[in-house]
Each structure stands twice: as structure tokens, then as C-alpha cells.
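I am attaching a structure below and will ask some questions about it afterwards.
Residue numbering begins at 1 within each chain, and the chains themselves are lettered A, B, C and D in the order written.
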Amino acid sequence: MPVTSDLLLLRDKLRVFADERDWDQFHTPKNLCMAMMVEAAELMEHFQWLTPDQSCDLAAKNRDDVKDELADVLLYLIRLSDKLGVDLLEAALLKIEKNAKKYPADTVRGSAKKYNEY
Amino acid sequence: MPVTSDLLLLRDKLRVFADERDWDQFHTPKNLCMAMMVEAAELMEHFQWLTPDQSCDLAAKNRDDVKDELADVLLYLIRLSDKLGVDLLEAALLKIEKNAKKYPADTVRGSAKKYNEY
Amino acid sequence: MPVTSDLLLLRDKLRVFADERDWDQFHTPKNLCMAMMVEAAELMEHFQWLTPDQSCDLAAKNRDDVKDELADVLLYLIRLSDKLGVDLLEAALLKIEKNAKKYPADTVRGSAKKYNEY
Amino acid sequence: MPVTSDLLLLRDKLRVFADERDWDQFHTPKNLCMAMMVEAAELMEHFQWLTPDQSCDLAAKNRDDVKDELADVLLYLIRLSDKLGVDLLEAALLKIEKNAKKYPADTVRGSAKKYNEY
């Protein structure tokens, strides 16, 4: 059977990882949420002094670090969702639907001003 | 062809979503990173006054909000990775491997003290 | 004349600091806010795997780092307020008054449950 | 005796505020740090879709909200420092000195490139 879900694949790998290290005791939602936030900030550090345009073109060296930080956020997010018993794919699909209703394309198209007010 | 990757499925949905609203202009890595951080903080707000134990058992009402916040973080993370040209699954698998070398199970098992020092 | 405001003293020092380095050009509110957030996360990293009780007793080595991170958050906050033309002391005094009305002592006293619902 | 320090003035007010509400039990460094982070993110939300230039000119309505958020960050920062027994003014003055050595004006002046590498 082919792997049909990256998210579940990663969830399972993280379960084994934590289990092998007996780290489950530290993985409360409160702690995992903090850890995810810290990783997100490490990612943001790469962009803080760049103009928005500059942020599109990272230097090669930074790119590898940025890839690692993106991965860290994802891994903590998956682990956090797992500990909370949340199916991330289902939650994400549902949220896209909600957003589509909240921001109808015809109403919000292409305006930063409108965008900010929604 | 069956969809074999939920991360790519979500990436494609988000591309369409932004395209329909002409929001690509606002989706610089710098801005997306800030937006992801803001969603992560909204998630964290649910846990800030809870004990770690309490954070494991969210009330039903909070659970729905928490699901939405988890989804928001994932969606911005996927969008950000897409704009940076990063394959999230590949990055995550690579990071798990790196972490396994950095934290050998035999060395770090079950100790908060060791855990903190790594 | 005695110094009557730490906040203004620090604000003035930061103005000179930025001016001497010609860094004013990078100190937009958007950028300063990101930088402050990054420092706050570096601070939070010290607490992420600790229990709430453990977080009260930091090891001596960590204490020095924590002091630096607390200072970093304050310095960026003062600089950000300065660039936005906000008087931090006035804003803080006003906010304490607002909070006092929002959370009347008699209503919210001593209950985590009530605390969370406000 | 005149109040000679606004940071100490605010610290004392926050002590009374927490005491009157019996909230000291929730004010562990871990929790306060999370709360401060959440407030910093609420502040950042105002800037996330703005260009750096736009972030300098906030609309009047947003200005009041931004003032409140700046105050919230300061109040939690002062409370957190108090619980950790850290003198914020002393820490901030020391950090400015450290930064002055780390970023000598002659070396780093006016270059975003240099700025990022430091």
C-alpha cells in the first residue's frame, strides 16, 4: 500500500522518536506549543531586517537553515496535534472552507486595505 | 492519479485560494512568517494559564478553536514553504535524521536535565 | 536634576545608539516588532521544558542569559514605542486602569477557572 | 520621596494588582513568559500585512489598540522580571553596553548587509 499521507507518516516517526527517548513526559501540549513558537521565531529571525522583497531571495547559506526551521515548526505542530488528538489534514481542509466563506473572492480581491480589514 | 501527499494537496489548494483573491502580492516570506507566528500565539493563548496537565484536557469548546488554530499554523507554514520553494516533507524527513544523530536515544533517554542541556 | 524616568533614559540611549550606527533606516515598526518577538522567544526557550515550579528557580548560568533576554525585549519595546510616538509609561498606567475595570478583584479572585474565562 | 523610577512604580502597581486578585499562583515565569509572547503577537498582528513604510503610519483607530498592546507587553515583562528577581533597568543598561562592544559604530554603520551578519 502506498503512503498516502505525509502528515501521518511524520506523526508516526515522531511517536517512535519520542518513545525511544522516553520524552513523552515532556510533551504536554503546553510545552510543545512553546517549543513550536520558539522554532517559528528562529525562522522569523532570518527575515526580521530584510525588506519583503529581500525576504523572497534568501542567500544559499540561509536557505539550509531556513529549511531546518520550517521542518522544526512542522514537526512540533504534528506532535502537538497528535497529543491533542487532532487530525491535522481534516482540520486544515475544514479551515480552508471556513476561510473561503469568510473571505469571498469577489469581495476581497487584490486590495491590501480590504485585506487588512477582514 | 490518487493524491499521495496531503502536504501537496494543501499547497495546491492554498495556491488557488491566493490566486482567486490576488493575494500573492502580500504573501512575501516576511509577511507569511509573521502571520504564522501570530496564529501560533493565538494557539498558545489557550495554554498560557493552564498547568501542563490541564493542557492535555481541553474543554470541548476550546477544542474547536484549538483545531482551527492548529490548522492556521499549518496553512501558513505550507504557504511560506511554497513561496520559498522548500519541499516540506523532504525537509522534515531530513530534520528527523539530523535530530536522531544530535540526540542519541541511549544518551538522552528520560532525563529532563539532559533534555534541557541538549 | 534627578533622573525621573528609566523609560525615557533608555529611550534616549537607544536613539543615540541607532543614530551612531545609522540603523534608523532598519528600525521600522514592522521590523522592530519582529525583532522584539524573536527576543521574547529566546527568553521563552529557557522555560519551554521546565515545569511551572522549575521555572521559578533558574540555574545561575541561565539567569545571566535570561537577564540579557529580558533586557533585549525591553530595549526593542522602548525603541518600537519611540518610533510609533507612544509614551510607554502613560500607556501602561492607562492599561492598568482598564484591566482593573475588566477584572474586578471581587469577581475574579483566586480562581484559575474564572481567570481563564476572562 | 518622589517616585524616581517608572519601572519600579509599575512593578509595585502590578504587585498590588495580582495580590488583590490572588493571581500570584498563576504568575510563574513560564506562564508569564507565554502571556507576554501572546501580547507581543497581538501587537505584531497590526503590522503583518503592511509594508515597512506603511507600518510607520498607523491609522488612528489602530493606534489606540497598538498602545494597549505595547502596554501589555511592558506590564508582563515587568511582572516576569519581578518574579525572577531581575532589576530591569540594571539589566537594560548592561545590555546596551554589551551591544556597544558587539556592534562598534565604525564597523557596522549603515549597512543592512553588515547588520544582518552581526
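Rule of thumb we're sticking to: a residue touches a chain if its C-beta (ideal position, glycine included) is under 8 Å from a C-beta of that chain, and two chains touch if they have at least 3 such contacts.
In this text the structure is predicted, and so the values were computed from the model without any measurement.
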Kindly list the shared contact partners of chain A and chain B, in label order. C, D
If you fit chain C onto chain D using the CA atoms, what's the rotation angle, as a multiple of 5 degrees? 180
Distance between the CA centroids of chain C and chain D (whole Å) is 2
Whole-Å distance, C-alpha centre of chain A to that of chain D, is 26
Residue numbers of chain A (touch at least two other chains): 26, 31, 34, 37, 40-41, 44, 47, 49-52, 112, 115
In their shared complex, chain A is touched by residues of chain D numbered 34, 37, 49-52, 112, 115-116
Quick one: in the complex, what on chain D touches chain B? 26, 31, 34-35, 37-38, 40-42, 44-45, 47-49
For the complex, which residues does chain B have touching chain A? 2-8, 10, 13-14, 17, 20-23, 25-26, 28-31, 33-34, 36-37, 40-41, 43-44, 47, 50-53, 55-56, 58, 63, 66-68, 70-75, 77, 80-81, 83-84, 86, 88-89, 91-96, 98-100, 103, 105, 108-110, 112, 115
